[in-house]
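The next part holds the structures, each set out as C-alpha cells.
Common to both upcoming complexes is chain A, partnered first by chain B, then by chain C.
After this line comes the complex of A and B, so read on.
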C-alpha cells in the first residue's frame, strides 16, 4: 500500500504544480487605458461586482455629487483635508527643517533636488519621471537619495526615516496639484508596461498578485477581513502617509515591502527598479488626481 | 508650526471647539535603549491647561500612558469670535510651552 500511496501523493503534487502554472494568468486582464488616468476608475468601481448589488450601486452612485459623502465611495477619498490635524503635519515640519538645513549648508543640494529651478514648489506632481543624465526613472525618494549622495556628506538612503520625512515635505509643496506623469517619453512607457506585468504577476507562498485583490471580479469592493480592497486608481496620491497602525510615516516602497511580507514573498529593498516600475504604473493610474499630502491612513 | 503645539479654535453655535496636536516624545521610563541596554528616562507631559480671558477653561493631568505626539480636543462655552485662547503644557522634566490662537 505504501508505494501506491506515495505515488498518489506525488501525482497530486505534480497536478498541483501544473495547475499553478496554468492559473498564473487566470486573472482576467482588466482593460486599463493609461491615457484615462484616474478616470479609468469609473469602469472599475461603478460596477455591480464592486458594490455587490444593483441597489447598492445606485445608492452609491448618488453619493458622487455629494461632496460631504463622496469619501464613502472609496477609502482613498478619505484624504488629509478631512482630518486636518494629524502627525503627518509634524512630519512636514520636520522635513522642512531637514531640507532647509541641508540646503543652507550646501546650496547645490537644493539645486539638484529642484533640477536647477531653485524652488521645489509643485515639482513633485510630475514624478516619477525619466532622467536623461542618469538614464533611469527617478521618484522623489530616489532624487533625494541621489542628491544627498552627490552633495551631502552622508547618503540618505531610500526607506530611511530621514528620506521619508524629507520626501513628505517635498510632496507637500505640490499638495492639491494634479499628478501628471509624462507617458509620452519612451522609458516611462516601457516602465509602465513592466509595472503592469508586475501588477498581474503571482508571487510568494500564497501565490498572490496585486490583481488578486484589486481588480473587478476579485475581492475588490467586498469585505476582506475588516477591510475593503480598493481599486488601484488614485491610490499613490497620498504617499508618503502617516500610518496609524504603525505609528510612523510610510513611503510607497515600504508599503510594497509590507504587501510582499503579507503575501509571504521576499521583499525587495526600497528603491529597487521593480518597485519603481510598479510606482510608475500606479502613478499613471492616478494621473489627474490631486496630490493629498500629508495624509492619514 | 513653530514650536511643539499646533492649535485651532472654531466657534459653532454656543460652543467653541479647540483642537490641538502636541509634539512630544512621551517616554514612559520603562523602555530600554536597544544599543546601550539602559532605560530611557521618563519624559511625559503632566499638566495641560487652556486659558480664555484670564480664566482657566480646561485643565488635565496626564501620565505616561498617553501616546506619543498626543492629539486632543475639547469644547467650552462663553468665547466670542476673535478672542484669544492659550494652551500650556508642563512635562515631568520641567519643560513647558504655550501657544495662543484666535477663535475663528
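After this line comes the complex of A and C, so read on.
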C-alpha cells in the first residue's frame, strides 16, 4: 500500500471510532424497591398521591376535567365500585355461570381451581404464585387453562373469551382484597427479576422498551397523540377489564399485545412465559393495592 | 478506446445501478417485519436478535426532497407518525414529549443534520425515545429527505 493510501485508511478508522456510539439495548432503569409494593410509586411517578386511596381520588376528582393532568389519576377513577352498573358486572355473572356449570359436572375442576380448598373466595389476591407440583408460575388465567385441560373435555385456552370471563369471575371473589404476591418465594422473586429486565429491554422496529413509555422521564405523562401513558404501579388490580371502546373484556396479556403492536414488536401468545414474568413484575408493583374488578377502561 | 465509447458503455451501467439501488430500497421497505427486530420471547428467534447498531449518516451531497410529500409522511401514523411526539406545522392532536418542530426551518439546522437526526438520533442521545427511522427501515432514504425538506420549509 502506498503511504498516502495507508494514511487515508488509518484516518478513516480513527474518524469512524471517534463517532462510534455504544448501542443501548435497554432503556435506563428507574430504581424500584419491590418490598414497597404499590407504595414504591412514591419514588417513581409519585402519582399515587392522587389515586392511592378512595380519599385521594375524591379529593382530586377535579383532575378528571383537566386534560393535561387527568393521567395522574392512573385511570383509577374508572374502577369498579365507583361506577354502578356496567357490562363488566354482566361479565362476572357470565363467568360465575361458566365456573358453576363446569364445577357441577366435574367437581375435580373446582378442586383443582381452588387448589384443593373447595372455595375460590379470596384466592386471586395471592396470584401469580409458584406451583410446586407443576414447577411453574401460575396466573389465574393459567390455572383455569391447566384445570380445564386436566378435568374438562375441552381446554379453555388463555386469551379466549371463556378463559377471560371465568378469570374475571375468580378475581371478583377477591374484589377489595389487597394484592399480596409472595416475594419470599424464590421462583416468584426470580420471575420478578426477569420481568423487570424485560420491561427495560428495547424491542421492535421502533426500538421502544415498555419503560420508554411507562417510567418517569420517558413518554409517561406526555401526550402521545391522543393517549398519555401512565405509571405501571397498581395496573394489574383491575384486570381483566371491560374495554368500553370495543365492548369486550380484555385480559392483561392482551393489553401487552396492544402495547407490542404500538411498538411494532412481535406480540407473544397469552400465557407466554415472558408475559407471565412481566405479570409477576407488574403484580409486585400492585402489592397492597385492592383488587378492583369488574372495571371499565 | 475513445472517450466516447467509454462513456457510452458506462452510462447505461450507471443508470442500471441507480435503478437497481432504488428497487432494493423500495423492496426493503416492504419486507421489514416486526419479527426482524428484537422481541421479548425466550424461545422464538426474534428473542435472540440484538438491537441494530447506531448509524450516524449525514450525507453532505443531500438532494432535498419534496416538502409536501414529507408532510404526509410525517403525519401518517403508519409512516413517520412524528406527531406522536412533536408539534409540527399544520398538524393537529400532536404529542408533547419531543421539542416543538412547527418552526424548525428557522432553527439553523442544515438538511444534512436533520437527515442524520431522523435517520438515527442515538449518535447524539444513546437513550433517546425517538425511533431510529432510517436504521430500522421505518422510512426510506427518500422519505427521510422528504421529511427533512418539510422541516426546512416549516416557518
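Following the convention adopted for this analysis, the second predicted complex is superposed on the first by the 240 of 297 C-alpha atoms of A that agree within 3 Å, B and C clash if a C-alpha of one lies under 4 Å from a C-alpha of the other, contacts with A are read in each partner's own complex, and residues count from 1 in each chain.
Simple rule for what comes next: contacts are C-beta pairs under 8 Å (C-beta built on N, C-alpha and C of every residue); 3 or more make two chains touch, one makes a residue touch a chain.
All figures in this text were calculated on a predicted structure; none of them were measured in a lab.
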Aligned on chain A, chain B and chain C: do they clash or fit?
fit
Taking the superposition on A as described, I'd like to know which of chain B and chain C A:131 touches: first, second, both or neither.
neither
In the superposed arrangement, does A:218 touch chain B (first), chain C (second), both or neither?
second
Which one hits more chain A residues, chain B or chain C?
C
Quick check for you: in the superposed arrangement, does A:89 touch first (chain B), second (chain C), both or neither?
first
Could you look at A:115 and tell me whether it touches chain B, chain C, both or neither (first, second, both, neither)?
neither
So in the superposed three-chain picture, is A:247 touching just chain B, just chain C, both, or none of them (first/second/both/neither)?
first
Please work out whether A:189 is in contact with chain B alone, chain C alone, both, or neither, and reply first, second, both or neither.
neither
Would you please give the vertex angle at the Cα centre of chain A, with arms pointing to the Cα centres of chain B and chain C, as a multiple of 10°?
110
Shortest CA-CA distance in Å separating chain B from chain C in the superposed model:
28
Chain B and chain C contact sites that coincide on chain A, given as residue numbers:
none
In the complex, chain C touches chain A at residues 32, 34-42, 44, 46-47, 50-54, 56, 77, 81, 83-85, 93-97, 122-123, 126-127, 129, 131-132, 136-138
List the residues on chain B that touch chain A in their complex, please.
1, 6, 8, 19-21, 23, 68-69, 71
Which residues of chain A touch chain B in their complex?
84-87, 89-90, 93, 247
Contact set on chain A toward chain C in their complex
19-25, 27-28, 198, 201-208, 212-213, 218-219, 222-226, 260, 264-266, 268, 272-275, 278
